[in-house]
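Take a look at the structures below.
One chain, subunit A, appears in both complexes that follow, with subunit B as partner in the first and subunit C in the second.
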Partner chain A sequence: MTVAASVSAELIKLADEELFAGHVLTSVSGWGPELEINLAMSSMGQDELGHARLLYGLAVGTDRDRINDLIYARPPGEFRAAALSSVYSKQWEMLVVKHFLYESADAERLRLLAGSTPELAEAAAKMRSEEDFHLEFWTSWFDRTARIDHARVQKALSALWPSAAGLFDFGEGGLFTPASAREAADDWSSRITSRLTSLGFSLPSVAEEPVDDSQRILDEMRIVYNDAPGRW
Partner chain B sequence: MARRGELVEQDVRSCLAAVEDPELPVSIVDLGMVKRVAVEASDGGWDVGVDLVPTFLGCPAQIFIEAAVLKAMRAVDGVVDVRVQWLPAAQWSLEHISPSGRTALKEIGVAVPDGKGGLECPNCESTRIVIDSNFGATLCRRLGHCEECGDPVEIMKSGVDATRLTLPLSAR
Partner chain C sequence: MPPNRVYEVFRQKRLGEEYIHVGEVEALDPETAMLAAKEHFSRRELCSGLWVVDREHVTAAHWDEAVLSSGFGKDYRKPEGFRAGTGEFAHRDLS
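After this line comes the complex of A and B, so read on.
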């Protein structure tokens, strides 16, 4: 299958976010508060990396060199991932808040993707069947962590909320209609806001400077590629 | 003279069945990962095409399974060319595991939900299984234990596994 270049760019945005989220999860596995959580984080990280591979394949075809070029050789400025996906923290409440926000937004986006072409809908169904486990995990840990230490979760929410801003930025590329993307973004945002408000949290303005660790991820991921060109 | 197609196909199928998942000592055919096998005549022999379905998209065993399938198919007498492709978006579920696959999994202590909400302890056959985590040692497994005999139980999972919400998840 070939998709229009503009649709391809939007699939690459989704893939980049899954790549960043997956890289961080597999890297911080070991820092979770218990063994089962570390197993869960490394499993979810692998799932996300698999989703990135599937999305890159849908965007540019399954040629491995082409996908490697996208990941290892693309100028950092061409990555359009929402900053939230890149947040690189080993702190438990930061991880919990990041993924509570990211996975719930991702579920909305997969719902949008399910209404797209049959091929993208099939891919969305497979990803969603795996993401359901992630959403359940992070939602229940968000609730529990919020009960244990409200102040630390509030601090993490204040730090990370501005980073979530780009999750539904799809432009006019044609993967989703601008209206449907905006509607999904509004649904997500109002649901999250009312849930957080009911738990006694307050959200900062999205105009605050977002936390963005994408350069750190790219530096880390590309270290072998850059140090041993052609031999990695 | 080239071998007869039926003989080649027989060998292709038995050699495929001998390829195991590197993360589980069980045949990839029994695990339901082989979606299609095609044996077609070509110049001087036979071409083999194998379509594979990953259990989970991020399963790191895929690259090893692909290499093992290529090697096994190339070793079949009469085969000229082999093409292996993954169908990443195709759905895989526990229903794709064959009865012999279920038996093989049980023998190594991995329980497979029966699709009707039932799950048996591979050790004592009690149905009093509790899930401790939806994640486990590999992407396709999660952790639980048996309330009857106390053994830890690994449970096969798939994204479309309907039993996951009906089994008790131990309190966090």
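After this line comes the complex of A and C, so read on.
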């Protein structure tokens, strides 16, 4: 399948976000509060890496070298991932808040994707069988963690909420119509806002410090590629 | 955090098959036990169902191995002289 350049660019955005989220989850798997959680994080991170490869394949075709070039050789400035997906904190509250926001937004995006072409709908269905569980996992742990330490969860929300909107940052005439993307973003945002405010959290629209760990992720991911060009 | 509890995990590979004990997870409650069990015991396997059971809810036999294994080695109890499913004896001469 060849897709229009504008569609391809947005599939790559989705793939970049899954790639970053997956890399972080598989890398922090020694930092969760228990063995069981570490193993689950690593497993879900591998799911995300698989989704990234699936989405890159839909964007540019399944040629391995092309996909590898996108991951390992693309200039960092060309990555369009929302900063939230790159957040690389080993703090449990940050992980929980990041993924509660990321997975709940991603569920909306998969719904949009399911209403697109048959090929993309098929990919969306495949990803949903895993993402539904991810969302359940992180929502459940978000609720628990919020009950256990409200203050630390508030701190994580203040740091991360402002960067979450970027997950719906799609261009004109691409994968989704601007109206449908905006509607999905508004639905998600108002649902999350009412849920979190009812739990006593506040959601500032601007973070004290911007969060973007994409360079760190790319540096880590590309160590071997950069050390042994052409031979890795 | 409240202390973790131990949950025994049972997995069914295909619909209709029995649930078999596959291990245990430590978790806060049944819900988090199930979240952990799902990733531990179904991520590379066929799986059509999972149970988690609080170990406290398992009633264990109080007999030791000598009692529980006492049926082992009693070959005379085995129905090997009988051809299963045929209704016939394998050896007519049972003397």
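Just so we're on the same page, the second predicted complex is superposed on the first by the 227 of 232 C-alpha atoms of A that agree within 3 Å, B and C clash if a C-alpha of one lies under 4 Å from a C-alpha of the other, contacts with A are read in each partner's own complex, and residues count from 1 in each chain.
The definition used in the following text is that a contact is a pair of C-beta atoms (placed from the backbone, for glycine too) under 8 Å apart; a residue touches a chain by one contact, two chains touch by 3 or more.
Values in this document were obtained by computation on a predicted structure and should not be read as measured data.
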Clash or fit, subunit B versus subunit C on superposed subunit A: clash
Which superposed partner A:I148 touches (first subunit B, second subunit C, both, neither): second
Contacts of A:E119 with subunit B and subunit C, given as first, second, both or neither: first
First, second, both or neither for A:S129, with subunit B first and subunit C second: first
Partner chain(s) touched by A:Y72 [first = subunit B, second = subunit C, both, neither]: neither
Which superposed partner A:L54 touches (first subunit B, second subunit C, both, neither): first
First (subunit B), second (subunit C), both or neither touched by A:M44: both
Partner chain(s) touched by A:W31 [first = subunit B, second = subunit C, both, neither]: neither
Between subunit B and subunit C, more extensive residue contact with subunit A: B
Overlapping segment of subunit B (options 63-71, 81-89 or 135-143) - the one that collides with subunit C in the superposed model: 135-143
Subunit A positions touched by subunit B in one structure and by subunit C in the second: 36, 39-40, 43-44, 133, 136-137, 140-141, 144
Subunit B contact footprint on subunit A (complex, rising order): 22, 36, 39-40, 43-51, 53-54, 57, 119, 122-123, 125-130, 132-133, 136-137, 140-141, 144
Interfacial residue positions of subunit B with respect to subunit A in the complex: 54, 56-60, 88-91, 132-139, 143, 157-160, 164, 172
Contact footprint of subunit C on subunit A as seen in their complex: 33-37, 39-40, 43-44, 133, 136-137, 140-141, 144, 148
Touching residues (chain side subunit C, partner subunit A) in the complex: 1, 4, 25-28, 31-32, 35-36, 38-40, 43
